[in-house]
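Two complexes are shown next, each including chain A; its partner changes from chain B in the first to chain C in the second.
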Partner chain A sequence: MPGPVRLLAWALYALILLPIVMVLGASLTAGGFLTFPPQGLSLRWWQAMLIDRELLRGLMISLRIATLTLVISVPVGALAAIFLDRQNARWRNALVPVLTAPLSVPLVLTGFALLVFFTRLGLLNETGLVLGHVVVSVPYVIRSALVSLSLSDRTLARAAEVHGANPAQVIWKVTLPMMRHGLISGGLFAFLASLNNIVVSVFIAKPGVIPFPVVLFSRMENLAEPSVAAASTLVIVLTAVLCMLLEWRYDLFRSLAR
Partner chain B sequence: MTRMRTFLGNSALAPPVLTVMGVFFLLPMMMMFAQAFLPFDSRTLTGTTLTLENFGRFLGDPVHLATFWRTFIVSLMTALLAMAAGYPLAWHLHSLRSGQARLWCTLIVLMPLMISLIVASFAWMLLLGNNGAFNNALRWIGVIDRPIRLMNTVTGVVIVSAYSTVSYPILTTFAALENIPPELARSARIHGASERQIFARVILPLSLPELLAGGLITFSLTMAAFVVPFMIGGGRVNVVPLMIYQHTLQLFDWPGAAALGILLFLLTLAFVWFVTRLAQLFMPWERR
Partner chain C sequence: MTLRTDRGTGALELRALTKSYGGNTVLDRMDLTASEGEFISLVGPSGCGKTTTLNIVAGFEVPDGGDVILGGRSVLDVPSYRRGLGMVFQSHALFPHMTIADNVAFGLSVRRTPKSEIRARVAESLDLVRLSAFADRYPRELSGGQQQRVGIARALTVQPRIILMDEPLSSLDAKLRREMQVDLKRIQRAVGITALYVTHDQEEALTLSDRIVLMNKGRIEQNDTPEAIYNKPANAFVAGFIGEASFLSGTVVQSGDPGMVRLDSGTLLKTGAAQLLAGSKACLAIRPDRVYLRPLGAAQDALAGTVRARAFLGTTVRHIVELDGGGEIMAQLTVPESDGIVEDGRVEVMDDPQDWRLFPAEST
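Moving on, here comes the complex of A and B:
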């Protein structure tokens, strides 16, 4: 690869990291406003964040919703992927876009449609938020699980069947272990899609149950405080550590590159 | 017997996902779709007869049409910028040999996808403001003496939108580059092609379709994004998703929002279809 292109690539990597570094830096400012470079160093805005109940509450709600979303969407997506994998090619090609439709429909529409639906059902609460997040997360799980299934050896399931395993045993002992990597990266994506979700949440959230990104969004209308940067840093670090652990352990990237 | 067992095995697999997608996606979508054909009364917020008036309200008004046009242009520019920045990164990732280097560069490239959109926009606000890091740096070097306005402009929105979606063209292009058989470059080299020729005649044509596919993902996502236009555009860059948001949550004009949503979705689909057809025409090697 030619030198100038390599240089450009490194510049672009730096540009991707720059905003992340800036949020971190801005949260350490000693001044009263968000600036970069920070004016002096202090942890006062981290302290401010720790007593900011709305922020902390939003963070807790988001973590809880993301965990529930993960717990629901991984089994649902896994079973769906096994189902799709067992259909013949024509059926599969027809069904995959249908079952992963929330990925191709604009997220604003999904959020708005859920608002219309949940208003009717009286579900504008945490349950509604979890259900909404599950809808947009399941397709990620289906996709990455399908990729690992297509890379695995299908004859193994047949072999287990021939040796007398019942359908449940085949899935539990053969198919699921084979799709482990896909489920882990799909699960990570489902978790992050929920943790960072704002577009669906902003439609369903009601006072009392406001997830973290929506708290940030509503504060952004006024001028942001450095404690927001502190909370953002916390989420970035959490995300980065999760990704690093999983990438290092399970080669997350390969199953995403489809 | 075997068939029976297979059927039983399969029949337990589909119901959960069908319930989730049927009840919590398809049904809400249909209800929203129906909304678009109900009349809107700003006092009672309801109506029962069916009408096409909601579509006429937006299609007949030059201000709204201009917003549709702006949304399209912003998304198109974003896709082009993300593709331009994505290709060298995908190529670089592909050229890395050491697993360790690949791991770290992969993580960096995935960052815009993984971190919260709101946090990213927020960081970019610090960068792009008149007193932001970018302008301060330029002033310090002495290139400019008056700040370049980037916040509250279309340029700013395009830059940040491209940042938040650049991972998609990178991922698709990287996958394409990895799948090109190395023999092709080798045989071109044996036949006397220079490195530049190999890139222009072999590597680029074979990865272009996937770069375009990634660009179309970026385009579709930007067509539907309101967080970045809201935060970076600061009310000066109105786009259709932002209008949907306002019509829903501030004006309580659900029929209007539904009509806007349907129009936006159709416009996106039409453009994606058009580009895909064009690509099939001009890059026949990709035709499946």
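Moving on, here comes the complex of A and C:
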């Protein structure tokens, strides 16, 4: 890489990574306000976070919702991808944008639409939160599952069928194993999309069931204590560890790029 | 084994099979019967309908008209997975997430065959293709030829009524392909299974088949043994597709046996039995190995020309001769026979009139 390009690359890395470093720094402050650079070093705000009932409760709720979202989105997205993959190109090109619309429609609109819809159905509760998150997460699963299907040999399904596998056995024994990498990475994105979701959650959450990002957001608006930075750092580290574990185990991103 | 209804229908029968895609006819009322244990090749240029035929038999495609009869029963309304077939694919299509043994066992495990029986039959199949040592490997660890032998074992393990093969050797290099042809023939003979084999390689079809079905534009041009199709091609298309041939054109001056044809160059040529009417335009074909050359002497009215190219092929030498008055003829001579014949030399073409095949001119 020539010098100027290399410099630009590092500048971009810095732009992406420095804010995260700042959050970590801010959480270690000894002072009473959210500032960077930190005023003295201490772990007092990490201690404060660990006994902050509201934050911890939000975190538990978010983890629970994200897990349920993952468990629902993966099979739904997998079946949708199998369906789409079996359509002719024209029909598929028309259907994919529809089924993955939440990726392109502004989240605020999706959130507002869900609010109107769920109010009617009486779903402004944790069930509604899970369903709302599923709506915005399924497209990630569909996308990456479609990629792994398009990379696999299409005659495999025919080979299974002609040797006696019924349609369910073809899916179970051949198609799903072929999609494995796509489903794992799609599932990871679905989980993270739910864990980080704030826009849809603000519309649907009701007092008592407030997901973690919504708690963080209202804290930052009202009392910007450094414990917020500590909690954020915790989530960033958890997310990074999760990604690295899956990457190490399944070589996810390389298999998608192949 | 289920009841074998061999009421003269054979293992497989295709009746007036017709298929078209958006107005483009791929199969036009195709009929075919295969008897038990027969090795039949479907041969033809791409787009001739051979692969479509195979896909219809396999149940991957539905014909617009006609019928597919397997073991005496129409299977058009039977889904692919209940037709009891085995198939070998050009891309091998082995399941990459399964071991070799699991690949070979696939057809039995989806049928919920008892484990002990699966083990015995997989061992038997792997033994047949001589890959017993590879049972626990994965497909990606095997060479292309080995992978295709696994594909053959997988197809045979289900003890199919008929094995379908879609250009199974075309992804292998030439030397391996020749070895695999011998292997394939040995296995098919050992099992005594009916085989329907699609290839665009006429040499492969000649080597392997009991019968060759040469297709063109959705129709069968000729359906015969390799010897008959090579020595007695039904028309100019067959003569040109199977084996090599030189073509000349002329006008029949005497029909019957022997026949006489006046070539466009003006030379009078004696041929074998000519079925065409005197005065009609004819296309003449002859195999390069039936043509001999000698340096031009004083003979009158000889088929003469100039050697334009010579290619040494090991045991034989290939000559291309430009005939006086137009036309080209290939001659394949043994090395001693080609002695004294040089490039740009004048030669006389020697032939046995019986070796010329005559076809109506419009069929070229």
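As a working rule, the second predicted complex is superposed on the first by the 248 of 258 C-alpha atoms of A that agree within 3 Å, B and C clash if a C-alpha of one lies under 4 Å from a C-alpha of the other, contacts with A are read in each partner's own complex, and residues count from 1 in each chain.
The criterion applied here is as follows: a residue touches a chain if its C-beta (ideal position, glycine included) is under 8 Å from a C-beta of that chain, and two chains touch if they have at least 3 such contacts.
Everything numeric here is computed off the predicted structure, so don't read it as measured data.
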Is A:206 touching the first partner chain B, the second partner chain C, both, or neither of them? neither
After the superposition on A, what does A:166 contact: first (chain B), second (chain C), both or neither? both
Open item on the list: So in the superposed three-chain picture, is A:220 touching just chain B, just chain C, both, or none of them (first/second/both/neither)?
Closed with: first
Item to complete: Considering only the touch criterion stated at the top, classify A:5 as touching first (chain B), second (chain C), both, or neither.
Response: first
In this superposition, the partner of chain A with more touched residues, chain B or chain C, is B
Residue overlap on chain A between the chain B interface and the chain C interface 166-167
Touching chain A in the complex, chain B uses residues 5-6, 8-10, 12-14, 16-17, 20-21, 24-25, 27-29, 31-32, 35, 85, 88-89, 91-92, 95, 102-103, 105-112, 114-120, 122-127, 131-133, 163, 166, 171-172, 174-175, 178, 195, 220, 223-227, 231, 241, 244-245, 248-249, 254, 257-258, 261, 264-265, 268
Touching chain B in the complex, chain A uses residues 1-2, 5-6, 8-9, 12-13, 16-20, 22-23, 26, 34-37, 75-77, 79-80, 82-83, 86, 98-99, 101-102, 104-110, 112-118, 120, 131-132, 134-135, 138, 142, 166-168, 170-171, 192, 195-196, 198-199, 202-203, 213, 216-217, 220, 224, 228-229, 232, 235-236, 239-240, 243-244, 247-248, 253, 256-258
Listed in rising order, chain C residues that touch chain A in their complex are 58-60, 79-87, 89, 91, 93-95, 97, 106-107, 110-111, 154-155, 158, 164
Listed in rising order, chain A residues that touch chain C in their complex are 153, 155-156, 158-167, 169, 173-174, 177-178, 180
